[in-house]
Amino acid sequence: MKQMVRTKTKIGILGSTGYTGVVLVKLLLNHPNIEIIYLASEQHADKKFSDIYPTFYGVLEDKCKKTDAKKIANECDVVFMATPHGFSKDYIPKLLSENSKLKIVDLSADFRLETTFKKKIKVTYGLPELYRSQIKKSQFIANPGCYPTSAILALAPALKSGLIKLNSIIIDSKSGTSGAGKQAKPETHFCEVNESFSPYALAGKHRHLPEIENELSKLAGKNINATFSPHLLPINRGILSTIYADLKVKINQKEIHALYKAFYKNEYFVKVLPENMYANTKNVRYTNFCHLTPLKDEKTNRLILVSSIDNMVKGASGQAIQNMNLMLGFNEKMGLDTVGQIP
Amino acid sequence: MKQMVRTKTKIGILGSTGYTGVVLVKLLLNHPNIEIIYLASEQHADKKFSDIYPTFYGVLEDKCKKTDAKKIANECDVVFMATPHGFSKDYIPKLLSENSKLKIVDLSADFRLETTFKKKIKVTYGLPELYRSQIKKSQFIANPGCYPTSAILALAPALKSGLIKLNSIIIDSKSGTSGAGKQAKPETHFCEVNESFSPYALAGKHRHLPEIENELSKLAGKNINATFSPHLLPINRGILSTIYADLKVKINQKEIHALYKAFYKNEYFVKVLPENMYANTKNVRYTNFCHLTPLKDEKTNRLILVSSIDNMVKGASGQAIQNMNLMLGFNEKMGLDTVGQIP
Amino acid sequence: MKQMVRTKTKIGILGSTGYTGVVLVKLLLNHPNIEIIYLASEQHADKKFSDIYPTFYGVLEDKCKKTDAKKIANECDVVFMATPHGFSKDYIPKLLSENSKLKIVDLSADFRLETTFKKKIKVTYGLPELYRSQIKKSQFIANPGCYPTSAILALAPALKSGLIKLNSIIIDSKSGTSGAGKQAKPETHFCEVNESFSPYALAGKHRHLPEIENELSKLAGKNINATFSPHLLPINRGILSTIYADLKVKINQKEIHALYKAFYKNEYFVKVLPENMYANTKNVRYTNFCHLTPLKDEKTNRLILVSSIDNMVKGASGQAIQNMNLMLGFNEKMGLDTVGQIP
Amino acid sequence: MKQMVRTKTKIGILGSTGYTGVVLVKLLLNHPNIEIIYLASEQHADKKFSDIYPTFYGVLEDKCKKTDAKKIANECDVVFMATPHGFSKDYIPKLLSENSKLKIVDLSADFRLETTFKKKIKVTYGLPELYRSQIKKSQFIANPGCYPTSAILALAPALKSGLIKLNSIIIDSKSGTSGAGKQAKPETHFCEVNESFSPYALAGKHRHLPEIENELSKLAGKNINATFSPHLLPINRGILSTIYADLKVKINQKEIHALYKAFYKNEYFVKVLPENMYANTKNVRYTNFCHLTPLKDEKTNRLILVSSIDNMVKGASGQAIQNMNLMLGFNEKMGLDTVGQIP
């Protein structure tokens, strides 16, 4: 099925045994134009990947390797950094000093607020629906966070069109537990998460807020402070953000919906749903889609936006592949064109 | 087991095999001053209650009876209406025509916006923390809805103290699935709810919104329109509301916390949590507590309130018993004094 | 991606909006050699499929049609019956009277105990790992049940090799709730299934038992009665069967494992796991794999088999496609070659 | 609220912040005859118990203390060991050397296979339904494991009556995740357990098997080896064991049911369910009940037993309190008399 004449692009994944890593591996196995040649894992070096994740048993029998900057940088064409926050800051310089042409998609937060690396290499914020042309020309992508992706895609049309008061934005987000990573922690113990629902890092404390505010400010052309409230859902996958902002122009429900439809009319991965459907997490699970529901709350003259993504796909690894496809000149949907799993 | 000399109050429960009904039965079995003498159920008349709910097997061996207004009104001292919305409207008049002294706690929404019944009997909105003295003198209680309870208890201190702008209130609520009732419906199928999270009835469409606005307006002394967004959680029990409002006075985090502590300092069932704890659904599950977290979002000068209750207890049957205790002059905590189930 | 020169096979799906129907649709959308031309649904005729399942919004915009035997039989090359048990019995004759060459994969239980249809058309039990050559020549496939698939694949090597006492077989099976279908019923209400685990239809009462016994008897060449205990799991997808039988030959753990590996060595979709891994439901979720763990319980001289499948894929729709691939001479894996979704 | 004249028994709990510890605390708070005076916790000494478990906020404001053998032994009348397996072995001698009269209920496995401590103090296996008279006279109780409790209560009538072949016993058990304890481990990460079902420690590898075999052998008067298969359920609470054994006497379904009813007719906490009900985990959740369903599989002449308990209550802390009640001459149900939480 994958016999093409062209040479396949060689891919390395650092942090391949973490949750964003394993989702990258799964998706890239179905990508016709690439081959994964380097599965790096500090914790599991020399173990078979399928020993860590037995769902790959008999499908992917490669071993994990040590995170060796020299080898990775010289053997790979593209590297995905699926490593913990803080790791990229020091490690990407090592990779680039070995191979100054190496293409990088960094899934961590380390460079998301930067615009250049060492004043030489441009760092592009990898949200294709907003920055596609820059991404196509980029070598170094800072892949957006999951919460920011859900919030920015929802607010972009309103901000670009000047619909809302900039100081009135409230983002109430709910995330599945995979967002907390694979590491066992007291707060991700099954018995703690199951049958519960909890807020955390409220009132300006979440590390994704500066990223959100930075991007919203770019869209508005003015400095924005927003209220951001993350909550933990007892599900594995998915983020749903319910977003509120006061309208500052006269506009009705039909016009809001039409404006959103028009804004994303050429975007495959952002679906503004029909007016009789609400976005939810199940319908985008395992896909690279963002579902959007824009509503007017008539009596309060407020815009309500509901945005849902799979935090591991459009919120992380799927978007990273979408970015890679753009950087390499591939069809943007490659390896990503699926529908969710129902039931 | 707990035989007291005093005659026990005779209790009837209509709709006893629905979800609010079964929670009433469970809680009332531990109440020392009452006896359940009439378990009414249209659907399951003549079946043993423990055939419907086998957790009662060997504990409660009573049969369900037909919903016979004459018998109920004449045999019971207090009646709980745990019937579907719409039923009470016509049925309570029948009960009262049989026995004009009958005490009634109506868990349905039918009379929550009323103040009198047929201009003769006062209808009291049964939120004890706000209307205790009226409840004590009442014969007829309209028991608050689950969403309204969580929202009103959270907002009462802010409204009574004039902290917030009245047109800025946003209530983002998340409810466990028991709130949808026992009836099998496509949207409560396990496979639809499990591993999903969905909003519904947004932008002014939920039937609880008029109740919320009515009560908030009473507290503020002015007409309030609020934004209310309910969401469905893949858990059985619990509501968490995250509430936003713009501050209109200069006040810091410590002062807000102190104001909330002071407001509820004599209330056993409303706990303003210490500043290092966030309200969540698990910690109030199966209890009659409301946990509150009041926060200031410094950069946006906004008040954030987190309120959690068990939708079936403080949001329905527990609060109904609290109201009954007040009406009958019992200790308010009777039958209710428990902690949650961990893990 | 799907531009091939060859004419695509035309597919009809009856019962397309049920759970096995929607899984067929999802999988077949990725199949390069076919096109779905008829989505039949009695309940939802004339509605868009994506209105019923919004995860397909913007991906599949076809409408459902009435279940019209004449049109279906004459327009389609292959028909999948994903209809409720009992429907095929009367409907397949109608289809075949319209088009005697129509290829049929019946996912219902109606013909699983038959060997011929009206003494003319052979009915093949569609378990490819055991009946591949017959399936290739068949026009009419009775697709196995989910429980039977998990049990038969596990027991086949032991029965074919004469390892076990035939009267000692016990099959303790646990199934996800999607096995109960899409119809809302009291026993599939979220609040009933969630946080519970329940047996049902014990001691010979489950309709799948005759199918299991029939197939095991064919494998053993002797009549077999087995104990079969189904249980309901609070998960959407997956069956795990733990199977017990007394060994009647002297054989050790290593030999049992080697025998199982050898039996399935050419089968892509049945994986006998390494000795340090246990089959579980998560690792086969959304895939067409069956994972098997054969063990010897030394002290009791008993064979323990653990078998896991996705009840909707290898237990229904995936296996149906595997059968279609064989009937049509396609690569057996087409449309099925994936790994599970982790986390 | 329940002030009695008698002096309350002074209770210490070691390991009070683990899962069996917190369930002991919750239940004992409702026990009228005791007071908890020592909450020992190595990990959380000097923290308030309600800081660890905020569901106790405003209800129990005691601090945890260091595990000080001298103080505990001298201040307490009864001590519950809710500590990890291995701790009691060395620590109970320290307690008894400080106070040779101290009453002990050890919830760990350390002494469950012993009959005496240092040849002086009798160790009683604390299964009240089988050993009530001994427990009443005991100072030192080894509290049964959760899996053993579910298996032994189910098999006792059959073994005592000589119904079954001793070498044919198979115990297929499924446990909620709280059984794995509070410690965060990779295998109890929410995303690993949720939406999965997994066997573990099959074929004689689980540490509870010797305890089960020891007790079954005592009941049968002969040495028994059994097959025991534990599985992990994606629920917090509950064990369901489905148990199989070949009948060796002629007996029909009605007689089996009657025999089981008779065996437990005086036992409040073991309910043999009516023939139209199956035991499941939900109906015993949070209660000290064991529900039993005895069935005959006619065609295979096999006994099928279904047994369900709450692993944290009848499987641990509830049974420990039942034992304490017996040791102290209290009503056996004290602090335990409840029904489950529905929905």
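Read from first to last, the chains carry the letters A, B, C and D; within each, the first residue is number 1.
Please note the rule applied: a contact is a pair of C-beta atoms (placed from the backbone, for glycine too) under 8 Å apart; a residue touches a chain by one contact, two chains touch by 3 or more.
Keep in mind it's a predicted model, so treat the numbers as computed, not measured.
Following the contact convention of this document, A, B is the list of chains adjacent to both chain C and chain D.
When the interfaces A-B and B-D are ranked by how many C-beta pairs touch across them, A-B comes first. Each chain gets a centre from the mean of its Cα atoms; for chain B and chain D, those two points are 35 Å apart.
Averaged C-alpha coordinates give centres for chain B and chain C that are 46 Å from one another.
Chain A and chain B have Cα centroids lying 40 Å from one another. In chain D, the residues that reach two or more other chains under the touch definition are 19, 178, 182, 191-192, 195, 234-237, 282, 285, 343. Looking at the complex, you find that chain C touches chain A at residues 1, 19, 22-23, 26, 29-30, 53-60, 178, 182, 195, 236-237, 268, 271, 273-274, 277, 282-287, 289, 291, 312, 337-343.
Residues of chain B touching chain C in their complex: 19, 177-178, 182, 184-186, 188-195, 234-236. Residues 167, 170, 172, 174, 191-192, 195-200, 202-204, 225-227, 229, 231, 233-238, 240, 242, 244, 278-282, 285, 293, 295-300, 302, 304, 306, 343 of chain A touch chain B in their complex.
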